[in-house]
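Structures for review follow.
Next, two complexes with chain A in common: one pairs it with chain B, the other with chain C.
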Partner chain A sequence: MTVQASTTETPDAASAPRSSSPRAARGTARRSAAGIWFVLPFTVLFAVFLIWPLIAGLWASFTDRSLAKEDSSFVGLANWIEMFGDPAVWQSLWVTLLFTLITVPPLVAIALAMALLTHRATARIGWFLRFSYFAPFLMPVAVVTLIWEWMYQPEFGMINDVLATVGIPGASWLTGEDTVLPAIALTTVWWTVGFNYLLYLAALQGIPVYLYEAAALDGAGAWRRFTSITVPMVRRTTTLIVLLQMVASLKLFDQAYLMTNGSGGPNYAARPIIGYIFESGFTGLRIGYASAISYLFFAVIIVVSVLQLRLFSRKEDAA
Partner chain B sequence: MRRRSTTGPGPAPALGRRTFLAGGLAAAGTAMAGCGPPDTVLSGKRRLRQWNLFTGGDGARMVEMHDAYRKQHPGIDFQTSTFQWGNPYYTKFAMGAAGGRAFDVATLHVSRLRGLGAGTLISPVPTDLLAQHGITRDTVTPNIWDTCTIDGELYAIPLDTHLVVNYFNRPVCEKAGVLDADGDLVAVSDEDEFFEVCAAVKEVTGQYGVVMDTTHAWRPFWSLYRQLGGELTLDGELAIDDDKALRALDFLRRISQDGLAPQSSDGAATPANFQNGIAGLMLSGNWELPTLKDAGMDFGMRPFPGIYGEELGQGDSHCFVLPVRREPDEDAVAAAVEYAAWMLKHSITWAGGGHVPAYTPVTESQEYADLQPQANYRRAAEAVQFDPSAWFSGSAAQLQADAGAIFTGVHTGAVTPKAALNRFKRAAQNLIDTPSPV
Partner chain C sequence: MTSAPRTAAERPGPPAGLASPQPRRRLKVTPGGAAIAVLALFLAVVWLLPLVWAILTSLKPEPETTAVPVRWLPLEPTFEAYRTVIARGELMQWLMNSVIVSVMVTGLTLVTCVMAAYAFSKTEFWGRQWLFALFIAGILVPPQVLIVPLFDEMTFLGLVDTYWGVALPQVVAPVMIFILKRFFDAIPRDYEEAARIDGAGHLRVLWNVVLPMSVPILAAVGIFTFVQAWNNFLWPFVATTDPALMTVPVGLGTVQSAYGILYAQQMAASVLGAVPLIVVFMLFQRQVVRGVTDAGLK
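Right, the complex of A and B next:
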């Protein structure tokens, strides 16, 4: 392999340390030089809009930078120390995690159930199911929250009306400390489940029909076929959906902000960590402090993502 | 097992050469327009950039006034920018003012003067220049003028006052027998009287007597606390009168627990509840007036009821401010002051939106007296209670947000007034201890 590499120009030649032929080296250099122009636009954008803000944000977290002042000074770890002692940080972080815990399972399970329904449906109503399941996802967040805010109204909202007809007393959904986060979670599930549904539908359509036929011939019932064929066959999709969904749920902000009119809900029961970052940075004008909290949250997301990747890759190995 | 056939990514969407070129040219054109020479050079006109936070009905009225202003000032190239109320506006205001190139004159809530940098980002108004245009302390509601003054310097030119007032559904209140001979809602002089009025109205509506925004209970709280003579100090050590604050909070608890007001009614639901006739009275900002008028409701307005004495109501004032300039530009300041004075003198249009003009010749005019129901609460503007002053207080600022999140539980019964007061005190002390960003 090495001999070959030094005489012919295989793609491996570039990385082979012992390729000493001048011709090969020249060719490699030329090829790399051309490659730079292809990656340059992306690299520049990546550096300007991701790497640089990351560094600037970290730097800002050590200063008392404010929106209302031009100059700022270095304050060392003051923001970080304040942050670790600030109960609002931990409370809002808990709200975010709680929201993730209560939204991810239904967003995965309901999406799969809806995909199964559509997959089995006849062509005549299939398009209708696909459309109606996916349609909410196309709506802008402002519209979604407006609709649900009215439905949740305690005095004349649809939800309490419906509950009243079956004899269940209604609630003050968005102004109750215990109900506000579940209410927002319900809205979120309704709004975003369509995306996961589409992914599942595509995965289901990729499962060969003869697997089911063979299983049916062997006497496997519907439940057995579901647990032994469908679930394993869509495992990769499930991994992807759970990963995407967890990150999406952790990033909760817009709907919580809009549905509580920016107040964070009664006793901040629905103020996610991004809401608190927004409050500190924009309402409170303290960019330095907000940057420190952003970094804490960044760390949390990284930890969650790493844990999850580990968990799922082990499962994949086992399978 | 069959190998899963995965389809690769489809072909990239074809971006035609012509489309690309056309797009590039358009982009270049836009870019060049952005960095062209200032308009002043081209047109010989004086440029005046105004920033504001008025949308909806207020926005329409401001545009109407601006059109008239433009017609009378052909020599001025008048440019306006409108941003969304609240945080979206204030962040842009702060950053624009810090950058020093954003605006020549901007609107602001007077309660945010300290939080947005009076002296650091906002420069004092030359009062002699303003006086030349006929605007002095004598021609503006004096208590509002004084709120615009910090350490003897005038930092803002007040356009109006807006405050919580008492709306009443005329047919409902008539049936309830709570209207006086002139067809106005009867005045009350204590808590029990107000509860009696609410109960009488409730008899008619069948559901509630009064409705108010329970998610933003700061406004009624502050109104009641001030009626009780309460003071709140936010400098250094928090000072609040516990007994008076508890009484005000207990009012919020009682009115909801007794079923006279809904336990929860947010910003959007409150006017809707009033319009739907669920309640016959509403305690809310005067800015809801255009909405209710457009809905064709038969309603009246009067000052916030004097539940604990005088008819004091929480409020604020829209004002004009000038930015701090790194390089002095007297012509720009002169144009900005002239503009602000012009707006004050023509604020009868502004009064159509429910706000009480700050310029007294307008509020004393016959034209204003003919405005109904605006004229009925004109005197409330003199009794308006501004928020206590701190960098974190005022409209859409942190203290109001904290109060909203905490007090909403008093209405629903989730927290006792005592617990709510303790939480509020903790939140306020926390803000006091936070290093000031301005």
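Right, the complex of A and C next:
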């Protein structure tokens, strides 16, 4: 793709030498260099705020680096060995996985249900539906947790009040060892389902209407149209949502930290692995140890992502 | 999509989109359709309940918030809680900080990612593929893994408790480059070649040719970045210790809860902290949904 000045017989030819002959010359000479200047700003930020901490963290995981003192010394694999023998690491990892297991299915299913309900709605109520389903996603986490902590209040909270009217005994949700994580999960589903919903909505709108019309003419019922047209047509979106959602759920921290006031809940029942990294690094001041656990967490994310990709791509090949 | 001739009349606005769901099938109201509408509305009301509850609580006088049995509607609605929260000033400061940080993050993300995406899409340079692969690999790194060493680095750079310290690490979102590049790739070469023949440099091509054709995707990337920056908790929480520099999520999450059980005030602060984003979203709703569609995320 070479642009040669001689091929241009435009009326601008007269003005071209005046304004752009040095520039044009530079343009062709440095054609291969221009792109570098364009990627440079991002590359610098990428190097300073992603690559460097990634390397520094790996290095720190082999040292006894601490926020409490200036210098540190190399301790080899000591942090890593300690980590593998630390029950708090496995316990917090289990909390994270459990949270992921109980949040991903509803976050996918409810999002699809909401998108289907909205997709078939009239324009008049459609606006209201989109707003209601998506609005919570726009709330800052602190607002979400303040509202829900208040709703979970055992004596004067909304949840127990509603349960009481149906005749179900309430609970002290955020202070019970068995209830704290499900309570946080419920809050999370309410808060974040809107994003998946939006992706599904976009996918549904991409399905050509004639498919449904043709199916209806052939006598296919609503359920048949759903299973034979809608589900296959949104399969790619489902793959994407499940992948994004699993990784997002594995990153649990903010709402768990805030809803337990940083305590991790009774018996650490709601302390995810990022919570333990945070504690080790900033409360325990042990940067080296926290870095080692960070890398364990990173490895978990990678393994889960790779497993999922392989699983899904195999399924799509088969289909 | 469903581009009927009638949408051509409203051309300047985004066509079709969510606002005009295929009109034809709506004409007759079937029992099934009515049931779906009822179900949809019921779910919408349930989903809004926590917000309604928060707003109602914010309008109660403080003693009424903890009354037993629970009363949903305030007996004597009052804006007292809002007055107190606003008068205390902290929340306004946090809102201000959130605006500053989110605008910085969004602006820097758009500038750096657009430039990089343009370079990957429209120019040739040594190491291009390699660098692009590196950025894509960067998507895999969860920012949460980086907080501890990042804090260490920020301490060293003297950026803890500064707006730059809060904003800069949030700019590194390679996924935005990926999305933008895919969009730029779809712009026919003819346009930029014509511009280049007329003597335009890369900056001119980007500014006068590529960007005007990319408004929906820029809006989508911009809004999502803004929402993310506004709601981000972990990094701003780590990077600020001075309450005067906290963003809304950090201030509300850490300082506000320290006031304890003044629920009406907490809810008033929550409502105030949530309103700006909801307004932003309502203004740009169409662009967001169109952007999601255009970005090929479906």
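By our rule, the second predicted complex is superposed on the first by the 288 of 319 C-alpha atoms of A that agree within 3 Å, B and C clash if a C-alpha of one lies under 4 Å from a C-alpha of the other, contacts with A are read in each partner's own complex, and residues count from 1 in each chain.
The definition used in the following text is that a residue touches a chain if its C-beta (ideal position, glycine included) is under 8 Å from a C-beta of that chain, and two chains touch if they have at least 3 such contacts.
Since the structure is predicted, the reported quantities are computational estimates derived from the model, not experimental observations.
Asker: Does the superposition put A:156 against chain B (first), chain C (second), both, or neither?
Answerer: both
Asker: Mind working out whether A:302 is in touch with chain B, chain C, both or neither, as first, second, both or neither?
Answerer: Touch status of A:302: second partner only.
Asker: With the two complexes superposed on chain A, say which partner A:282 touches: chain B (first), chain C (second), both, or neither.
Answerer: both
Asker: So in the superposed three-chain picture, is A:206 touching just chain B, just chain C, both, or none of them (first/second/both/neither)?
Answerer: Touch status of A:206: both partners.
Asker: After superposition on the shared chain, which partner residues are touched by A:176: those of chain B (first), chain C (second), both, or neither?
Answerer: Once the two structures are laid over each other on A, A:176 reaches chain B alone.
Asker: Comparing chain B against chain C, which has contacts with more of the residues in chain A?
Answerer: Counting residues of chain A touched by each partner, the higher count goes to C.
Asker: According to the stated criteria, A:268 is in contact with first (chain B), second (chain C), both, or neither; which is it?
Answerer: First partner only, chain B.
Asker: When the two structures are overlaid on chain A, which partner does A:260 contact: first (chain B), second (chain C), both, or neither?
Answerer: The answer is first: A:260 touches chain B but not chain C.
Asker: Name the contact category of A:135: first (chain B only), second (chain C only), both, or neither.
Answerer: In the superposition, A:135 contacts chain C only.
Asker: Now for A:69: first (chain B), second (chain C), both, or neither, which partner does it touch?
Answerer: First partner only.
Asker: Could you list which residues of chain A make contact with chain B in one structure and with chain C in the other?
Answerer: 67, 150, 155-156, 206, 261, 278, 282
Asker: For the complex, give me every residue of chain C touching chain A.
Answerer: Result: residues 1-2, 16, 18-23, 26, 32-33, 36-37, 39-41, 43-45, 47-51, 53-54, 57, 65-70, 108, 111-113, 115-116, 118-120, 123-126, 128, 131, 135, 138, 140-142, 144-153, 168-169, 171-172, 174, 177, 189, 193, 196-199, 201-202, 227, 230-231, 233-234, 238, 248-253, 256-257, 263, 266-267, 269-270, 273-274, 277-278, 281-282, 285, 288-289, 292-293, 297-298 of chain C touch chain A.
Asker: Contact residues on chain B for chain A in the complex?
Answerer: Result: residues 2, 4, 86-87, 90-91, 94-95, 97-98, 115-117, 120-121, 207, 214-216, 262-269, 272-273, 276, 278, 392, 396-398, 401, 404-406, 408-409, 411-412, 414-415, 423, 434-435, 437-438 of chain B touch chain A.
Asker: For chain A, which residues count as touching chain C in their complex?
Answerer: Listed in rising order, the residues of chain A that touch chain C are 1, 3, 7-8, 10, 12, 16, 19-20, 23-24, 27, 31-36, 38-39, 41-43, 45-46, 48-50, 52-54, 56-57, 60, 65, 67, 113-114, 117-123, 125-126, 128-136, 138-143, 145-148, 150-151, 155-158, 161, 190, 198-199, 201-203, 205-206, 209, 222, 236-237, 240, 247, 251, 253-254, 258, 261, 274, 277-278, 281-282, 287, 290-291, 294-295, 297-298, 301-302, 305.
Asker: Tell me, which parts of chain A touch chain B in their complex?
Answerer: Answer in residue numbers: 64, 66-70, 149-150, 153-156, 172, 174-177, 206, 208, 260-268, 271, 278-279, 282-286.
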